[in-house]
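Chains: A, B, C, D and E, in written order; residue numbering restarts at 1 for each.
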Amino acid sequence: MGMEKNVSKDFKLKPMKCELNFLSKSDGSTILSQGDTVAVVSVNGPLDIKSTSQSIEKSTLEVLYCTKGGKPSVADRYKENVIRQTCETAILGSLYPRTGITVTIQELEDYGGLLSCCLNCTCLALLNSGVSMRCVYAAVTCAVDESGDIVLEPPKHQLQTARAVMTFVYDSREKSLVTSFTEGMFSEDTYKEALARCHAASDLIFSFYRDIVSKYANVI
Amino acid sequence: MKDVFLSNCEKSFLQRIVSEGHRLDGRNYNESRRLNISFGSEYGSCIVSLGETKVLAQVSCEVTQPKQIRPNEGILYINVEISPMAAPQFEANRQTDLTVYLNRLLEKCYKDSKCIDLESLCIVVEEKVWSLRVDVKILNHGGNLIECSSIATLTSLAHFKRPDVTRSGDSVIIHTIAEKDPIPTVLYHYPVCMTFAIFNNDVLLSDPSFIEESVCTSSTEEGINTGGGLLVVGMNQYKELCLLDLNGAALYDSNIVHKAIVSAADRSKEIVDLVKKIIISDDTMRQKRSKINFADIITSEHMLSLTQKELTIQLKNYNVDDMTSKTERMQVEDDVKSEPSKYDVVPSLPQTAEIVSKKGGSQWIEISSDSEEDQ
Amino acid sequence: MAGLLLSPTEKVFILHGVQDDYRSDGRSNIDYRPMELETDVVSHASGSARLRLANTDILVGVKTEIDVPKPDKPDCGKLEFFVDCSANATPEFEGRGGEQLANSISNMMQKAYHSSQAFNLKQLCIFEGKQCWKLYIDILILECGGNLCDAVSLAVKAALFNTRIPFVKAALMDGGNIDLQLSDDPYDSKLLDVGSAPLLVTLCKIGDKCVVDPSAEEENCSVISLIVGLTGDRKYYYPKDADKQQSVESKCTTIGMNGPGSVAPKTLKDAINQGIVAAKSLDEALGQALLKERQQNIGIKKHSYGFLK
Amino acid sequence: MAEIYKLIHPLKYFTDYISREVRPDGRKFDEQRNIKLNVNSLKTAEASAVVKCGNTTVVCGIQLELATPKAEEPDLGYLVTNLELPALCSPKYRPGPPSDHAQVTNYLVSDIITNSKCINLKDLCIVPDKLAWVLYCDIVCLDNDGSLVDACIIALMASLKTLCLPSVTYDNDTEDIKVNADIRTPLKVHGLPVATSFAVYKLPDRNILLTDPSAYEEEMCGGIGANFIVCSNEGLLCGTQKFGGSNLLSDSQEESLKISRDRTNVVKKVIETSIKNDNEFVS
Amino acid sequence: MPLDYRRFNGPDDSVSYKRFTDNYLKSYDELYEELIDKNSRRKDGRKLDEARSMCMFFARTDLISQAKGSAYIELKKTKVVCSVFDPREIPHQNEFSQLGQLYCEVKFAPFSCVRQRRPHAPDAEERALSVALRQALEPAVCRHLFPNYQVDVFVYILEHDGACLAAAINAAGLALANASVPMYDIITACSLAIIGEKVFVDPTEAEEHLAIMSPDTEGTNHGIITMSMMSELKQVSDFMQIGSMDVQCVTKVMEILEKECETIVPNIQKVLVLNVVQCFNQRKQLEAEAKEREAALNAKMEEWKKILNAG
């Protein structure tokens, strides 16, 4: 597709910056910035939880999403659900039956792509906490702007005028789709193209994960 | 909240080294941990870290109706939240005694001390006033939450700027930051809460860490109180006392309170000066249009941190509009290919339609009786 | 109440007594236990009353507030009941234990006062469609010794009888706003007409007969009780204009059942009739007590009994 | 026998069926359940619809109210959609405030409606800055047997399509409002979004897509909320949602898009037929 | 009212448009005129003493696939769904309870009432109805057979056109039977509205509304009575009255109620019998299918055996 034009172009992802073990009291924690969007995630667990929410098959994942200020809302529950369902596939929960793993996300700055930043940050925090995982995952957001171009990791002003915004999460093993959610309207071909692009971009995030782990794993 | 238990060894060790004039982290008795304040991109949001303790504060504002008894005053809300992020023993969405205690202390310190000019928050008497809301989130509980969150509250309030408004007749126009410069909040004075841990009724530790806090308020294994406690002193930069709060054991000697106040007076001046200085420097930074963002707190020297600036990927340019002609063509092909539907749509009862699978698969139980409706 | 255990023989003894209209404490089936009533006990409330029936202790306070009437009833005021079962009353009320009971009592009261023949809400109107009085009736259960409904309804009626509502002049301004003028004199107030306010009578079914005001032992013998709300008679409360109106027959304003059992239709009818007799004598006694109390209040400050005894 | 087998070896029981290319209720993988739609059966609501997709039963009722528009958006009306999952629709729910799951589903439904842009909120404004319609769309699930979002969207769209707004006159000077309920104009609805749910079941060698899954199938395929939902309006996609569960490969994506295309047409026909049927009935 | 964070909320100041229609406020007499025509027939053509149970009664069981037992009752416009679930241990209970418990909850759909939009959170009326429902059902259920367990009974009112408590009790009785919860007797309920001299059996919402409104003339009877009965045992399990009426009136209408409750019983019985027959047929069909499947499996097995033996 798009062969007629045959224009290759460099697509830039936003600069990523992260610090693991940002908080001393949590079992694992990370602060991650993707461009101007920043989030902190702490992971605690596996730990003892009250018997009503225990599961004998796997550990119970509790996700708490905290906004910066203001009151709770249905939209927060939705974000929690996205993150919980995604983590659930990545964590080997059956290794820790009758326990709970608590993931707390605190948003700090939102300049577009907050939820994908939270997802990536959660993945790093899980890595940091040492919870056994089946795979890691990477979230990439893209948008279809007014002129119809697909833009990876759009900045905030572009999001407001975009026709559609899509976020995809890929796993590291099969490189297949774990989670997706979209806003706005778009054609099927756009969807497929966006899927392919984000797929390619997810490699960058995976290599970022690798770099950070290899940086400290050398020392340990 | 689950209780955190300390072993007797830990307790007695800590008590012994304190009585011998040391502290666990090597500080002097009245030495505080490093205070660090960083701002977010918005006005009124900051992260304050005191050693390992980290607190996020965010001020937001909205226009509301004033309270009936105070029609010409704005409203200030303070809301403290301790999520499991602070420490594993806290549960999600549940208020603990600590949350309530902290909330009340901050309210006493900032609402009841009348440090904010609430009247300046009034827009239209009896109709519209600004309501400020301070959300304090504990990110990491490394002891001395009170002092840390109080500095965070103070800094965010002093840093906050609300949008400008103009009144024209009945309507009130709220200007965005781009249209008109926002207005800072007026603070009459800058109160700060400081915590002191009292050991054996005579030792005063400023800025206690988490373990020091828990040891000084807990009793020994025999149930004998060790004469320890936590003393909170709220004081502004003019060395005026705004708040005193003691929990733990009763004091034998009132001199210790006096000692604490004297030491708090110096410290409060120090803190307030720092807060003022840092806000001014932040302001000049902003005026030079340099970006300020929480991303700045991520250090790059740390072993466990990584920065990658150039993340590029080669992809073909793709435009939805270029594709439409082809898409349509494809869809036409699709339509030709599409096989006849497997389902029948039948209008059965009045107002009703059904999809029935043609081969009449699963069982279907009739439910509607709406036929008798609406003669 | 909890912790009370009766042997089968004891139960039979009580049952036989009830059958012969002679109860174990000497009362007949329609007799109440002695009561103590005191009005005007809360100085901040517009009206208040405290009632003690055996071990049941009820405090009722009436507060008034200006409100906007409901759009479908523009000429009526509002009445709101709130029951608080304090954990002091019995340990069972701790936490959220008393909530259900509190709800059911306030519900029963709301229903009993619903009809205008029981309590005329029009007397709470200030300006039709714009302003009216809203009465908050707060019922505090201080001690719970059984037969709550009856005691609450008596205390509420007494508190309402005692309630003074300030005179307010309302005038319509331009733009549809209402200007209210309150007199400077705090004693410039009116009393409410509560003569027909309903009393609730609980009838406890023991065997085939029903008793009013059951003791704890008697409650233990019964599986079902019937609550009947019956309107009062104005003549007991306003004896001065008694000759102007003929005596009205009391009417049922609410009937409800409580308990896990069921009754035969015949017993139900008998019980309602029995309730009327009981309610009438109760109403008369209450009227007398209240009038006497009012007379005393006009004179010197009466001696207060104090709160709990 | 089968019931006991299902209890003791739930996973094996299900895999046995799937490996034989059939689902426990006798459907093929890409077969949807029968749909039954009834419009305007509730007289207390301004517009209503009852939908049964297999066993899943959903009722939607719309009520109209008037309010002043928000200060920030003076020319927009309100569309408030709420999905109620009362305890009676499934043993999984407890009475009380809505669970997290209910909130998420609620969000999904209203998100699809907003994204599809089928209702222009400007149409709901009567006098800018003064008066606007508030559409309270309450969707109640009476029986939750899977693919809840699909049924909700059908019910909601069918009721929106039959909704007629009374005429309103607003006097600018006296701020008097007059409503004439006898003169009504139908609400403009642009397009007709239809959602299709798929459950993804992981076999060792491949992943299988189950169209329109039942509650039991949903549970076997990663629990509540792991459905892959495709939603399209007039040929354009207006939302694809998938949260965790088994992974989705790109060829299954193609397949699901095709199935959802077919289903959209069929569902559209149902809604149209049922509304036509209703109009004939009234006249 | 505190904001509900768990739902989407509309604007605070919204009001139903009906408030602004011309005929929003009607006087008592106007409303009264509307109820009965010249031939003393009601608006829907019924006679005063005619219940909807006879002509417009529709009931069925097994509506909800996920529930243990369920029922649906339609009295013309009043539509009620009820589901009953398996017994479960009583939550938050310290003491052992000798008798099983019934947990009843009545909920109105937000769009179920003409006059107002129902709030999502349970209001006072719903709580009162839940208590009344429990009161009505408790005597009929053999509670000693499931000690320390509770059976959940949920009633959802889709459309409210009068007599909703009676409909809820009838539906719940049916659903309990459908869920095979042991009971002493069939439980039925009926309600009527009294306006002055007239008694409206099985009233509609408009009739109920007028009946609880107080007439201007002093001393007239008005109100609503709902009674539930176990007809075979001749026991009243719940009796609810609101309004104001004299005792003669109460005793008089009790007889009517008793009769009405009895007339519903055969209807309920019919539904139950139908249900049993249906179950039986279904069972038979399933067994046949199972046999078929088993035969097919056996054949396959034989085939495999052959192949095995051959190989």
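As a convention for this text, a contact is a pair of C-beta atoms (placed from the backbone, for glycine too) under 8 Å apart; a residue touches a chain by one contact, two chains touch by 3 or more.
This structure is a prediction, so every number in the text was calculated from the model and none was measured.
Enquirer: Please state, in steps, how far subunit C lies from subunit A along the shortest route of touching chains.
Expert: Minimum step count, subunit A to subunit C: 2.
Enquirer: I need the chain pair with the most C-beta contacts, please.
Expert: A-B
Enquirer: So which chain ends up in the middle if you average the CA atoms?
Expert: If we average C-alpha coordinates per chain, D lands closest to the whole-structure average.
Enquirer: For subunit C versus subunit E, what separation do you get between their C-alpha means, in angstrom?
Expert: Here the centre of subunit E sits 32 Å away from the centre of subunit C.
Enquirer: If you average the CA atoms of subunit B and of subunit C, how far apart do the two points sit, in angstrom?
Expert: That pair's centroid distance is 49 Å.
Enquirer: Taking the mean of the C-alpha atoms as each chain's centre, how many Å separate subunit D from subunit E?
Expert: 27
Enquirer: Residues of subunit B touching 2+ other chains?
Expert: Those would be 367.
Enquirer: List, in ascending order, every residue of subunit A touching at least 2 other chains.
Expert: Residues 74, 77, 186-188 of subunit A each touch two or more of the other chains.
Enquirer: Which residues of subunit E are in contact with two or more other chains?
Expert: 6-8, 63
Enquirer: Give every residue of subunit D touching subunit B within the complex, in rising order.
Expert: Listed in rising order, the residues of subunit D that touch subunit B are 25-27, 31-41, 50, 52, 54, 235, 261-262, 265-267, 269-271, 273-274, 276-278, 281.
Enquirer: For the complex, give me every residue of subunit E touching subunit C.
Expert: Result: residues 19, 24-25, 99, 115, 124, 127-128, 131-132, 135, 138-139, 143, 212, 214, 218-219, 221-223, 225, 230, 233-247, 250-251, 254, 258 of subunit E touch subunit C.
Enquirer: For subunit D, which residues count as touching subunit A in their complex?
Expert: 100-101, 103-104, 106-108, 111, 115-117, 222, 225-226, 233, 235-250, 253, 257
Enquirer: Once bound in the complex, which stretches of subunit A touch subunit D?
Expert: Those residues of subunit A that touch subunit D are 74-75, 77-78, 80-82, 84-89, 166, 171, 174, 176-188, 191-192, 195.
Enquirer: Going by the contact rule set out above, which residues of subunit C touch subunit E in the complex?
Expert: Contacts found on subunit C: 71-72, 74, 100, 103-104, 107, 110-111, 114-118, 226, 231, 248-249, 251-265, 268-269, 272-273, 276.
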